[in-house]
Amino acid sequence: MNTLKDYIGKLNTLKLSNMYDNDFFLTWEKTDDELQAVWTVADALRCLRENNISTKVFDSGLGISLFRDNSTRTRFSFSSACNLLGLEVQDLDEGKSQIAHGETVRETANMISFMADVIGIRDDMYIGKGNTYMRNVSKAVREGNRDGVLEQRPTLVNLQCDIDHPTQCMADLLHVIHEFGGIKNLKGKKLAMSWAYSPSYGKPLSVPQGVIGLMTRMGMDVVLAHPEGYEVMPEVEEIAKNNAAKSGGSFRKTNNMADAFKDADIVYPKSWAPFAAMEKRTALYGDGDMDGIKKLEKELLAQNADHKDWACTEELMKTTKNGSALYLHCLPADISGVSCKEGEVDASVFDRYRVPLYKQASFKPYVIAAMIFLSKFNDPAALLKKLEDRGTRRIFE
Amino acid sequence: MNTLKDYIGKLNTLKLSNMYDNDFFLTWEKTDDELQAVWTVADALRCLRENNISTKVFDSGLGISLFRDNSTRTRFSFSSACNLLGLEVQDLDEGKSQIAHGETVRETANMISFMADVIGIRDDMYIGKGNTYMRNVSKAVREGNRDGVLEQRPTLVNLQCDIDHPTQCMADLLHVIHEFGGIKNLKGKKLAMSWAYSPSYGKPLSVPQGVIGLMTRMGMDVVLAHPEGYEVMPEVEEIAKNNAAKSGGSFRKTNNMADAFKDADIVYPKSWAPFAAMEKRTALYGDGDMDGIKKLEKELLAQNADHKDWACTEELMKTTKNGSALYLHCLPADISGVSCKEGEVDASVFDRYRVPLYKQASFKPYVIAAMIFLSKFNDPAALLKKLEDRGTRRIFE
Amino acid sequence: MNTLKDYIGKLNTLKLSNMYDNDFFLTWEKTDDELQAVWTVADALRCLRENNISTKVFDSGLGISLFRDNSTRTRFSFSSACNLLGLEVQDLDEGKSQIAHGETVRETANMISFMADVIGIRDDMYIGKGNTYMRNVSKAVREGNRDGVLEQRPTLVNLQCDIDHPTQCMADLLHVIHEFGGIKNLKGKKLAMSWAYSPSYGKPLSVPQGVIGLMTRMGMDVVLAHPEGYEVMPEVEEIAKNNAAKSGGSFRKTNNMADAFKDADIVYPKSWAPFAAMEKRTALYGDGDMDGIKKLEKELLAQNADHKDWACTEELMKTTKNGSALYLHCLPADISGVSCKEGEVDASVFDRYRVPLYKQASFKPYVIAAMIFLSKFNDPAALLKKLEDRGTRRIFE
């Protein structure tokens, strides 16, 4: 375990001035230094908390959350991150608001932000919508701040959109870094991001896309595996290719799960909907064609059912490096015989990796807090030192 | 921009002892000094926050909110105000409570108030109900405090009732004061509070009533304009008349929107339901006559549609003082061609006033915070000075 | 009123090391010293708050609430307790979560607990379910903490289960202690825990069970009265019998309300569903037999209606000790002629006891806070002293 001094030292070597007063939409918009800053601050905040030192940098202020899809762990991660820094969460529940009757994004964004220091949004269901919505909110509050409407500009944190799930993938990678003993040890490691069968419908593409868009930057050999027809967004594949070229790793696709798992150091088997189907659904939804959506759902479930052999079984796990690849999942997983008859993963595999999986999830609150911290403070290294010097106890003693 | 010293000096000239340990139901129950105290404390709190000085006067304590109608901006304003002062918001969601089965107001009021310092209520849908309900809650917690049930008496803040919308109108007027450079400059200014067409049904009367009940106290010439049949509560018209007589301004009614807008310095065009119809609906609701309510709704929408020419158009705006009256709205507005086909205001008018409109809204959190502050502290001027001297930073630095 | 010094002195005489890092499931799992510690800390926290001394022992941290049944007073009591200690409440709303699709209790418990210091659960509807669920959550977070997933282990507080309602009954008894001037004065007092008629269906058994399981420890003569067929869980009756034997009190059952009320010092008349019916409902629910449940509901309401004479009337109250027994209720009560035609209690009786009833409820936030406090701090007496010495004001002055 490193000390706070190590983290501060590391931060001081990084160029991160562009993070100040900025948002976090997509990992591939950030430099390597900026990603490292997120992990370093996440570790530093955790180090302070574990030593019972308060990291409340806000005496008052709101963190606004907007979830356009059900959420447990991201919701609690966002709440935890806000609380850790001293912000109170106020949820924008669109069902209880007046937004329904035609209010513009620009207006809503300003109305909820008079005392907001951060806005976290999850909007992952419709292709071409979620990320665009977040950028519109961000633009609106930036203008509101410029025009003297808002005293401060709330930072926007993407809590999952149609393109990326940056808080998830950044947490995933921080977990991997800890498991492998540092970023430098990831070079040349093989990671399999694989589709897996699930009896449910329409899971977002943001996790596989986020994973290939991020992990390819670490010099790893990243393999994206899925049945034909389960393609992800071509733009993100391009990003993955370019990343791999730059980082000295590789990126390739396969329609063979066994090929991806063979000798893999890390596996991430997970269901998602085909990109083309998600596009189709977005169009049907735009037309309000509910019958069309139901029909599509049936087709997709039937299509899924053709690929029940895409599962993370004990047999497949044996083919990974030393039979003991690190198994990743964003949770909840569809566990065969537990949460469904046939699913993404064998119960015995899941059980063996339960503790590391939960640890993987534990990084998310800190990653979100780090994103806020880096956007709000111009000299994060100095501020961490000041927090240590202040020495306020998290729990009174 | 004034300094904190100016605000404190101003406060010291005002007689406001009656605000301590008191509620805020209707603006016309408050003296001129008391209204000025609210604006002065609102400005002072904003001044402190803008200078990164914490205004947390509560180390712990709850702010209870009860919304009996959908709300975004009032909900967030109340949350922001509570957070600014150090109170944590706890929402009373009647759907998740046991209140349904016949619990008395007196009991509920006490049960939620053991650690509550403020209760904010929005109850604006039924004539004769909302304000009465709030007074019953206030009476109950006053008794609870007297009888040793509650250690403190929570202040009641009216977040919109059937009669008035004091937090809205006080924010509106604070905005006007800032725009015109001080209260003294309002004398003789013409304000048009006008009905405007909206394709929606049953909007509360509390805003037009609140506006004529408050703005007539500033020596302004206030004109209330609406089609025949869209009368507001006669009691509030009486108040407006008396206010105007006392303040040296005037109050009159017209059924002609152009008449109201002619040479106006300030215009507030907004839809509302006819008082008589709201009374009828309240009675139908009391009888549980859902068919009657649906029929009434149809009639009212048809009645509205007869007055589509009541809109804040560019043409009308040109007839105001120098063609540039200050346009006010409590938001969200029904914008023609944006949020509806035909509505309250032309899109180009709304767009031109977007920034001042958002600024108008930005005063509400501070107005609510000021109402709480003035009810909780006997010497608010001294306390503001102590906050400055304490100098706790809102954002750590 | 005692002073803080008295409470600290009292605490120092109690053996309570087993409370540290432990949960609160059932009162009968706790020693007499441990129960006294809860009451003493509750009184001490109230004493500090009444003297405007902050009891925030957490600078940040979450209190998680999970209500599987509607709740007002327990919800607000839990919020108040968390706020009093410095924890922010985050509600786990299962409707807005992803839990529906087969996630295990173990996983959810860990996912919500990364920064949680306490979890409060209400799960009282199905026999054999609620308490078991809570223990599973507790086990999961204990393991999570052991395995390095959670930095801290959140304490579990039972906010009502199928067996006991410890925060309610501990608050009830603290009220009784205050009313009678100390625990020592309870010896030999007669308490009637009696069924009473209500026109509603399926009220939980946890209150009568909790009352007989707790009050029998005070050397009181506890009488459980109900019509035939309204038996409570036999295991809890056994506990009551054993408690009475040890404490020098008594426990007996009767099917005659008048017998129970005769010369009683304390009466607690309240409706509940028969244990056998609750068991049947649990089985029907397990089978998803909704028609069966509706049929059972009808039968139970008919069965209830046979016992409308079981009411706490003025006549019955006259037969109690000096005609002035202390009347207890967990609220809301079914008041004849107020919240229903015929109910548990005469309106005039309820009205006469309104203030003490509200006071009874006022102890619950403090009892919950005390349970958290005693679980989180190894030397609670020393910490109370430190809070007094720190002297932070709850309300700035």
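A, B and C are the chain letters, set down in written order, and residue numbers restart from 1 in every chain.
As a convention for this text, a residue touches a chain if its C-beta (ideal position, glycine included) is under 8 Å from a C-beta of that chain, and two chains touch if they have at least 3 such contacts.
Everything numeric here is computed off the predicted structure, so don't read it as measured data.
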| item | value |
| --- | --- |
| Contact graph of the chains (line, ring, star, complete, other) | complete |
| Homomeric contact chain B-chain C: same or different residue positions, threshold half | different |
| Mean-CA-position distance for chain C and chain B (Å) | 41 |
| In chain A, residues with contacts to at least two other chains | 56, 88 |
| Chain C - residues contacting chain B, complex | 46, 49-50, 54-56, 67, 70-73, 75-77, 79-80, 83-84, 86, 88-89, 200, 331-332, 334-335, 338-340, 354-355, 358-359, 361-362, 364-365, 392-397 |
| Complex contact set, residues of chain B against chain C | 56-62, 88, 90, 92, 96-104, 106-108, 110-112, 114-115, 144, 147-151, 376, 383, 386-387, 390 |
